[in-house]
Amino acid sequence: MTDPTPQPLVRKDGRSVDDLREVTIERGWSAQAEGSALISFGNTKVLCTASFTNGVPRWMSGKGKGWVTAEYAMLPRATNSRTDRESVKGKIGGRTHEISRLIGRSLRAVVDMKALGENTIVIDCDVLQADGGTRTAAITGAYVAMVDAIEWARGKKFIGQKAVPLIDSVSAISVGIIDGTPMLDLAYVEDVRAETDMNVVVTGRGLFVEVQGTAEGAPFDRTELNSLLDLALVGTAELSRLQLLSLGETA
Amino acid sequence: MTDPTPQPLVRKDGRSVDDLREVTIERGWSAQAEGSALISFGNTKVLCTASFTNGVPRWMSGKGKGWVTAEYAMLPRATNSRTDRESVKGKIGGRTHEISRLIGRSLRAVVDMKALGENTIVIDCDVLQADGGTRTAAITGAYVAMVDAIEWARGKKFIGQKAVPLIDSVSAISVGIIDGTPMLDLAYVEDVRAETDMNVVVTGRGLFVEVQGTAEGAPFDRTELNSLLDLALVGTAELSRLQLLSLGETA
Amino acid sequence: MTDPTPQPLVRKDGRSVDDLREVTIERGWSAQAEGSALISFGNTKVLCTASFTNGVPRWMSGKGKGWVTAEYAMLPRATNSRTDRESVKGKIGGRTHEISRLIGRSLRAVVDMKALGENTIVIDCDVLQADGGTRTAAITGAYVAMVDAIEWARGKKFIGQKAVPLIDSVSAISVGIIDGTPMLDLAYVEDVRAETDMNVVVTGRGLFVEVQGTAEGAPFDRTELNSLLDLALVGTAELSRLQLLSLGETA
Amino acid sequence: MTDPTPQPLVRKDGRSVDDLREVTIERGWSAQAEGSALISFGNTKVLCTASFTNGVPRWMSGKGKGWVTAEYAMLPRATNSRTDRESVKGKIGGRTHEISRLIGRSLRAVVDMKALGENTIVIDCDVLQADGGTRTAAITGAYVAMVDAIEWARGKKFIGQKAVPLIDSVSAISVGIIDGTPMLDLAYVEDVRAETDMNVVVTGRGLFVEVQGTAEGAPFDRTELNSLLDLALVGTAELSRLQLLSLGETA
Amino acid sequence: MTDPTPQPLVRKDGRSVDDLREVTIERGWSAQAEGSALISFGNTKVLCTASFTNGVPRWMSGKGKGWVTAEYAMLPRATNSRTDRESVKGKIGGRTHEISRLIGRSLRAVVDMKALGENTIVIDCDVLQADGGTRTAAITGAYVAMVDAIEWARGKKFIGQKAVPLIDSVSAISVGIIDGTPMLDLAYVEDVRAETDMNVVVTGRGLFVEVQGTAEGAPFDRTELNSLLDLALVGTAELSRLQLLSLGETA
Amino acid sequence: MTDPTPQPLVRKDGRSVDDLREVTIERGWSAQAEGSALISFGNTKVLCTASFTNGVPRWMSGKGKGWVTAEYAMLPRATNSRTDRESVKGKIGGRTHEISRLIGRSLRAVVDMKALGENTIVIDCDVLQADGGTRTAAITGAYVAMVDAIEWARGKKFIGQKAVPLIDSVSAISVGIIDGTPMLDLAYVEDVRAETDMNVVVTGRGLFVEVQGTAEGAPFDRTELNSLLDLALVGTAELSRLQLLSLGETA
């Protein structure tokens, strides 16, 4: 990572460049879902639920494998000015599709579908309040919800006592370059100013699941890319620790 | 009201026939909206936001009058089993339309559009968790959100210091007949068993805004209708008191 | 009912406050449908057809019960100025959904689904000309169409000779308060001026199936509500008589 | 025309091969539209309305020319078995599109858009009952509705006293070859058996506006094509006469 | 045909009135489809593919007959100015529907569905570049693609060695009257000026499958119709020869 | 890059791990668009057009800046088995949205919107044949089309003679890890087997615009990520050279 020491407090909210915002995870928020978590990254709040159903879609049936999929959406007034509902517009926007697919891929990366058996987990991530990093909060919270849904299913014997459907944990964080400085976990006001913006999905063991870097302002070089990846690994290591804490486990 | 004394504890959750469930109103839940409230009627939780914008749709422009409209929706896992998103289906269902329209009419009934001036308030009621009575909780919470949005607008001088856009308060409750007994504020397990189901919207002064009674099982007679209206007035009087408490006023 | 004698002729078309408009029912209008009626309430004309099919949707199969559903729509030039077709807009509006659901519920309230057996009746109510009260005319005409569809099915032995699927008849009327006076069966020019508007669905035996009262202008009190219900019962009693006449029966 | 004398009564309904079904035109059926006609070709019944509005769509504005367009639809139970509504399906089928476009082109062919001025006529043809030939009945009835809408507009001075927007009349008929015999005005049972099916739109002066011949069974030769055109001219000449009668004019 | 000799070079591109534009057929253009052809009529270029699948839609199953259907579409910049994608608009336009249906009917007219057996051929005609006559080029190219798909299927034994699914060939051409002169194969600049425009689909044996004549400017008489049909037969005879050449056969 | 020498010919098509497939660019393929290129990466063929229009969408007007956007789509039979058209399904899939957005961002990264002025460029990338790498071929071809559209606009004086709207060139390539070996430019059969799949968008100067790496099979470590980036830079340098050649320039 490039040395951030000359600017110890460059950020509006007083954070250092490698600080996460305050992260809270309210595990089991929902009385209805098999697993759930209300996760906050600062003012970003995402309600993640995991719906477990025994069986898989017909086209997957008989293969002895499970399925995990995800849907992401924002409440109309999660943002500073109201956005129209996609249900009212009658179609889902490109951004929503893109994030839903990202969440689904990220969670599937840590699931052993054979161990899950012919069962389906649908993850719903609904952004109640948005202040940057909604997709990374969603992935991080969804993992916690999924863990609980799987344990619920084990209790119901939909999954065997010895099956290990989860081969790793997964969390995600955004990083970006602002005025030439790489920073961790961008809030909305930072995100809109970033020259480069990257979302990184990392397993508990520190392996990459997704790396999505985009030059919003100017293209970036290899050194900048490396600095951003360094920062992201710092952030996801901390998120991984918080997930374990929330789940009552220790790293 | 028909005398409920012979069955002092007919309800699963221990309530008397004329008891509301526990009602809580978290006013100002959202950091983004001009007005907001997270309201609970027992396990039913609805996030209500009021978005205030200066100006009206073009077709209303120049008449010196404001506009209030509402949209209602449920998160996919608000319910016991997951329902598909209306955005994914590409169309809004009849029930959603019906409730959105009811909420809008109910709030407009207590707004003086001339005093509101050429301003628009959009109410969003998103059900985070559903256990019966979501539309009545939505109306009751939306009123609180609307009050705050109007006061916000007064602070911004979009509304004059002396204008009185709110001519009354409004709340709503469900009532129904179960096994021949009229009951107040039906939880989901009660709602599905009700022979007759009625949603009643009442102003703080005790006048009716909407009366929607439906025979789900058997048609009802005038006496039953009267019993249900009696109960509804008991419930809305209490809700009206709780709205005032939440707003820091006294009745 | 409040005494209307002081204003014997307050209405533009010369009716007293408790007069229906001229009601005509052309039973069997359609050469294609199993049951049909072209009903007029004054200038409001609705073509109601009842399509009977042996069998039920798959999700209802094997329960020994039937299904009745309804769809309502308006021709684009039923109204004074042309409205766009919902098929062209690609979606159904909230009002259409709301009325379709009301018609379906109203008819189901008088059908014994077990006696109907595993058969489906789809009611279509298409407004050819609109002058207020289209939903109430639709319900009233749909009942006549449904009776004939059931008799057709009995002839085809889809329903047993002794089965009694219809447990009552059903009709509907609008009532409203205009300039403080409760009136029966509002024409369009009255409807737009009404302070309170109510649609009431009543069985032949005089029991309520639906009571939908809405304060369009000012909230209403218990006395007004009672006056409106009184008027509605007068109107539906007369409609019930006309249904019987049309069906060749006597009350 | 090929000589039909050897089979004087080949048709189920007793018609000769060159007979139209009974045609009736109820001019002015609608109390709402500027022009209207309920037309019957035997059991086929189409309600045609013409909605006149002063002005043209923005993209046509300022060119001194008018616009005529048409929409065709069928009620769900116009046919022998119920078809789903296009509004419910959320999209318009190819057949509906095709016929709407045909009706629009046919009417525009007899309108002088400069003489019409910057005014718009929207034709709606709604099939109340279908027994073959719905598109030809629609064109024939729509012409009558359009005449009345134009005269209404002249009365309102939207069109000058001396302007002659209609340069000819227009009507349409179907013809087809059944078991090798050309026949006029096919009823539904004939239409489904036809080897070749043709819809022909002809002006009052006997000129062709549209000729749409389709080999449903076997391709057809030039002689058959000529026989069908002969028959169509017989039919449209008679329809043209009936249009004039309906309009109170003489040929 | 009216004598074109007085105007030997009336057309912008130097063609005589009865000349086709240069026609090229790149058979087997696609490496993926069972049959394909990239056909050009001058600057009009259409990629036609034929997708063969063993089996038929469920509703056709068990009748021993096959199915052929077609879809037509234009790339957004096939035309001189860009048109919005139908996928983006969320619905298919009337013109697209109309042409897709025409292509399907035209191809089915030369297929013996019993000889095809329970197999399905889906034709896709995508206009890469448009300069008039896209539907006629599509039909002409689609026939070539279909021939190859059928031979592919014979090789795979989905069709018997002796089965003869193709009972004739089929091609199509546009003709029109411009400034009173009938002309063959209209380019776009001619098409927009044509008073009458006709698309004619003809089999290799010279029989008509479709005749679709439309008066764009002025209605046409019988003589003009005959001249257009004469020209169309000249054009389709030549196209039929080119199809055979492309398929390596001789007429 | 990890040393590929032990497996000089691991790939089915005979390529080394760091070989591109044969790339061809047919610049100016379309006679209609302001800029166009038909690009092939082996059997993957994408038609890229750039539509230049003077002016910007209303919401961008008056800012002195231009706009570049892109749409990607596949012909239904571009793939080995036919896929349904998105226009027929009535909605655009997530993958299509995702790729359209990627192409748009990639091109905007090399455009100086102020130098472009208030002009709009719409890029259409239609996949005529798909064999892996369609999005990277699309970006690479779209750049060539965009260069020509900008030069066309300069000729028309929509862009000043000295304006430099293009600040760099841009191309893209896929890389992936198959059986533990990083490889360049994956064909479809390789893509489906890849454990990790990455699309990298790079400017002519070698800076990153987008890095999108996804663990399809197993998460990847930092070393693998670096190997993939190394390979991608080799590939995009070669593509950049081919773009210049196609444009008649030298590097």
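Note that the chains take the letters A, B, C, D, E and F in the order they are written out, and that residue 1 is the start of every chain.
One rule holds in what follows: contacts are C-beta pairs under 8 Å (C-beta built on N, C-alpha and C of every residue); 3 or more make two chains touch, one makes a residue touch a chain.
In this text the structure is predicted, and so the values were computed from the model without any measurement.
Number of steps on the shortest path from subunit A to subunit F, with steps defined by chain touch: 1. In terms of the stated touch criterion, the partners common to subunit B and subunit D are C, listed by label. Of all chains, the one whose CA centroid is most distant from that of subunit E is B.
Comparing the CA-atom centres of all chains against that of subunit F, the greatest distance is found for C. Taking each chain's centre as the average of its CA atoms, subunit D and subunit E sit 28 Å apart.
For this pair, subunit A with subunit D, the centres built from the Cα atoms lie 60 Å apart. Centroid to centroid, with C-alpha atoms defining each point, subunit A and subunit E lie 52 Å apart.
Among all residues of subunit F, those that touch two or more other chains are 90-92. Think of the chains as beads on a loop: from subunit E toward subunit F, the beads read E, F, A, B, C, D. Remark: subunit B residues 91-95, 97-98, 100-101, 105, 109, 168, 198, 203, 205, 207-215, 218-222, 225, 229 touch subunit C in the complex. Interface residues of subunit F facing subunit E in the complex, by the touch rule stated above, are 30-33, 36, 43, 47, 49, 51, 53, 71, 73, 75-82, 85-88, 90-92, 96, 122, 124, 126, 128-131.
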